[in-house]
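Quick heads-up: structures coming right below.
Below are two complexes that have chain A in common, paired first with chain B and then with chain C.
Here is the complex of A and B:
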């Protein structure tokens, strides 16, 4: 537990010292939504219908883009190797990494949501459901993004590659979270979708650490 | 007990054994698919609702089965490579990826040609179609990652891990039609039940599936033999083989 705390602390300090790691995904997120709105046109009726789509695609891309660098610094300055040989649990290390990444990228997204919601003409209830959706779906996205980052660790020009590899895996969580938004717009129960999203999250958090550990060991050996 | 397994892991021995298998499997696959195509196109009955459009099933269903089986085969090869560190298994997995990608592309194309007369649309965003599209994207991702790994000169372990992670999609494709109420019809074959089709239709379909399996493995053998020759080109046995043939 102390190793977990120490790792998270270290991560948060790192993010604190490099604010661009936090700000760039957020600005990118806002820009994607903004460009999509311009592409569709500012008509209110149309926007309310399609705007959730912008928010999800923008969130997916922003999270994946920032997750791509989760292990890169540690790999390049050699601290990853030290963690691998230190005998500390790598599972705890990757959990700390993804938790810190989630806190740093998602909390600003949720805080930005009401502001964005008002400009996209959402009502109060839709904003609330969107925030809930973001909170439920993003842990899975963060973990999967870390898997992509770990698989491509140490490869040249891996920016696009992570997207090609991981975006297909984003399809199931995306389907359920959009299902949840639609259900709430139609006034139906959203609880089944909440359970589905939680189920996917538990599946991801149970299986992904094994994959992450294998990838990190591999990268450290090179 | 696992002696044969380790022996087969030697590229040289595999190459020698596959020399004997390559031509018979290829000939058999041409024979089965060619013969069965006549049966399917001329003699199998037309559907009472879909008419002759149903005949595209004999291309579509086997390709779908093979695209999924191919993925499972690729993941198994990757697992063998990751567990026992047998290089040949990595090359085997590499040889599957483009083949599987073409097969899943074929599934989507034939499906959309079949969908136009029967559903009235080239494409619908139904669960099975979407998950087959994801299968195609997974294959493409595998090819992309393999390219990047080879550029850097590392082995395919990352590819193997990704292949195993991608296995999640296989049950989603398989059961999507049962879980969600969608437009796509349920599975054609089940181990436990009689098919819903009449014998005159499912028998040629079954033979076509066998023909596709033979075709898959014949192309795969060509690909992996090619891969062995490329990787082992510096060894004495490849040089003597190239000199003798």
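Here is the complex of A and C:
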């Protein structure tokens, strides 16, 4: 537990000292949504129909982009080796990493959501559902993003590889979270989608650490 | 204690060293000597389990994992000296009083640098930061790769003295260095060619 706390603290200090890690994905997210709105045109009826699609696509890419770097710094400065040698649980380390990443990417996204929602003519209920969707789906995206980062760790210039490997796994959460918004706009129940998203999250958090640990060990060993 | 039997490490299909056998007991210090590229780093990494392409037997008889200092320091440039030391120490489950930390910092000559970002430190000062967790730990087994490189004269003497102290407490230290080092006590060596 103390190791978990110390690791989380270390991560948050790092994000605090390098605000670009938090701001870059956020700016990217804002810009993609903004450009899409300009491309579609400002007609209310049309926007409400297509807006969820690009809101989620942008969020997904922003998170994957920022998750790509979660282990890089530790790998390069040698801390990863020290964690592996220390005999500390790598699962705890990985959990601290992804939790911190989730906190710093999701909180700004949730704060930005009402603003975006209003610009896109969403009603209050839809904005609420959007925020709920963000909170439900992003932990899964963070964890899967970390898997991508760990797999490509140690490969020079891995740019697109993470995207190609991980984007297919982003499809199921994407389908259910967009479905949730559409259901709420049509006045249908959103609860089934909530269950699905939670189910996917539990599946990810149960299986991903095994892959993560194996990849990190391999990266530390070369 | 550590027993190594017939250890052969392969790198890119070529044997770095072969059929190496030695043992180290508590209260002993072993220096790994050899020219550049002879496999000092690989030997140390193999002993801590960070290199697995080897044949032979390595038997550790220890209750806890050894403390390790690698080629890369494990120091985060965006954190202060104090934050780095605290995190490195948390890796070893070590509990210490603030006064202990202050003492160690003073000993290493880092007292005035505690709240400086590690990015602003020199190579030698960073080396001292990565030595600090060793001095705060009760763990008596140390494996260090080139701990003396980059240290100034005082630093070398100081680390030699720490080695001597740990040995007297029953510590087991293995380190690599291609320079002769004096530690105020007997020093065994393994020579790689």
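The rule we apply is simple: the second predicted complex is superposed on the first by the 222 of 222 C-alpha atoms of A that agree within 3 Å, B and C clash if a C-alpha of one lies under 4 Å from a C-alpha of the other, contacts with A are read in each partner's own complex, and residues count from 1 in each chain.
One rule holds for everything that comes next: contacts are C-beta pairs under 8 Å (C-beta built on N, C-alpha and C of every residue); 3 or more make two chains touch, one makes a residue touch a chain.
Source: prediction; values computed, not measured.
Look at A:211: by the touch rule set out above, it reaches chain B but stays clear of chain C. Of the two partner chains placed by the overlay, only chain B lies in contact with A:152; chain C stays clear of it. Of the two partner chains placed by superposition, A:31 touches none, neither chain B nor chain C. When both complexes are overlaid on chain A, the residue A:189 reaches neither chain B nor chain C.
For chain B in complex with chain A, the touching residues are 82, 130-131, 134, 137-138, 140-141, 144-145, 148-149, 151-152, 154, 157-158, 161-162, 164-166, 168-169, 172. In the complex of the two chains, the chain A residues touching chain C come out as 2-3, 6-7, 10, 13-14, 17-18, 73, 76-79, 81-88, 220-221. Partner chain B is touched in their complex by these residues of chain A: 147, 151-152, 154-158, 161, 164-165, 167-169, 171-172, 211, 214-215, 218, 222. Per the touch definition, chain C reaches chain A in the complex via residues 48-52, 64-66, 68, 70-79, 83, 86-88, 90-93.
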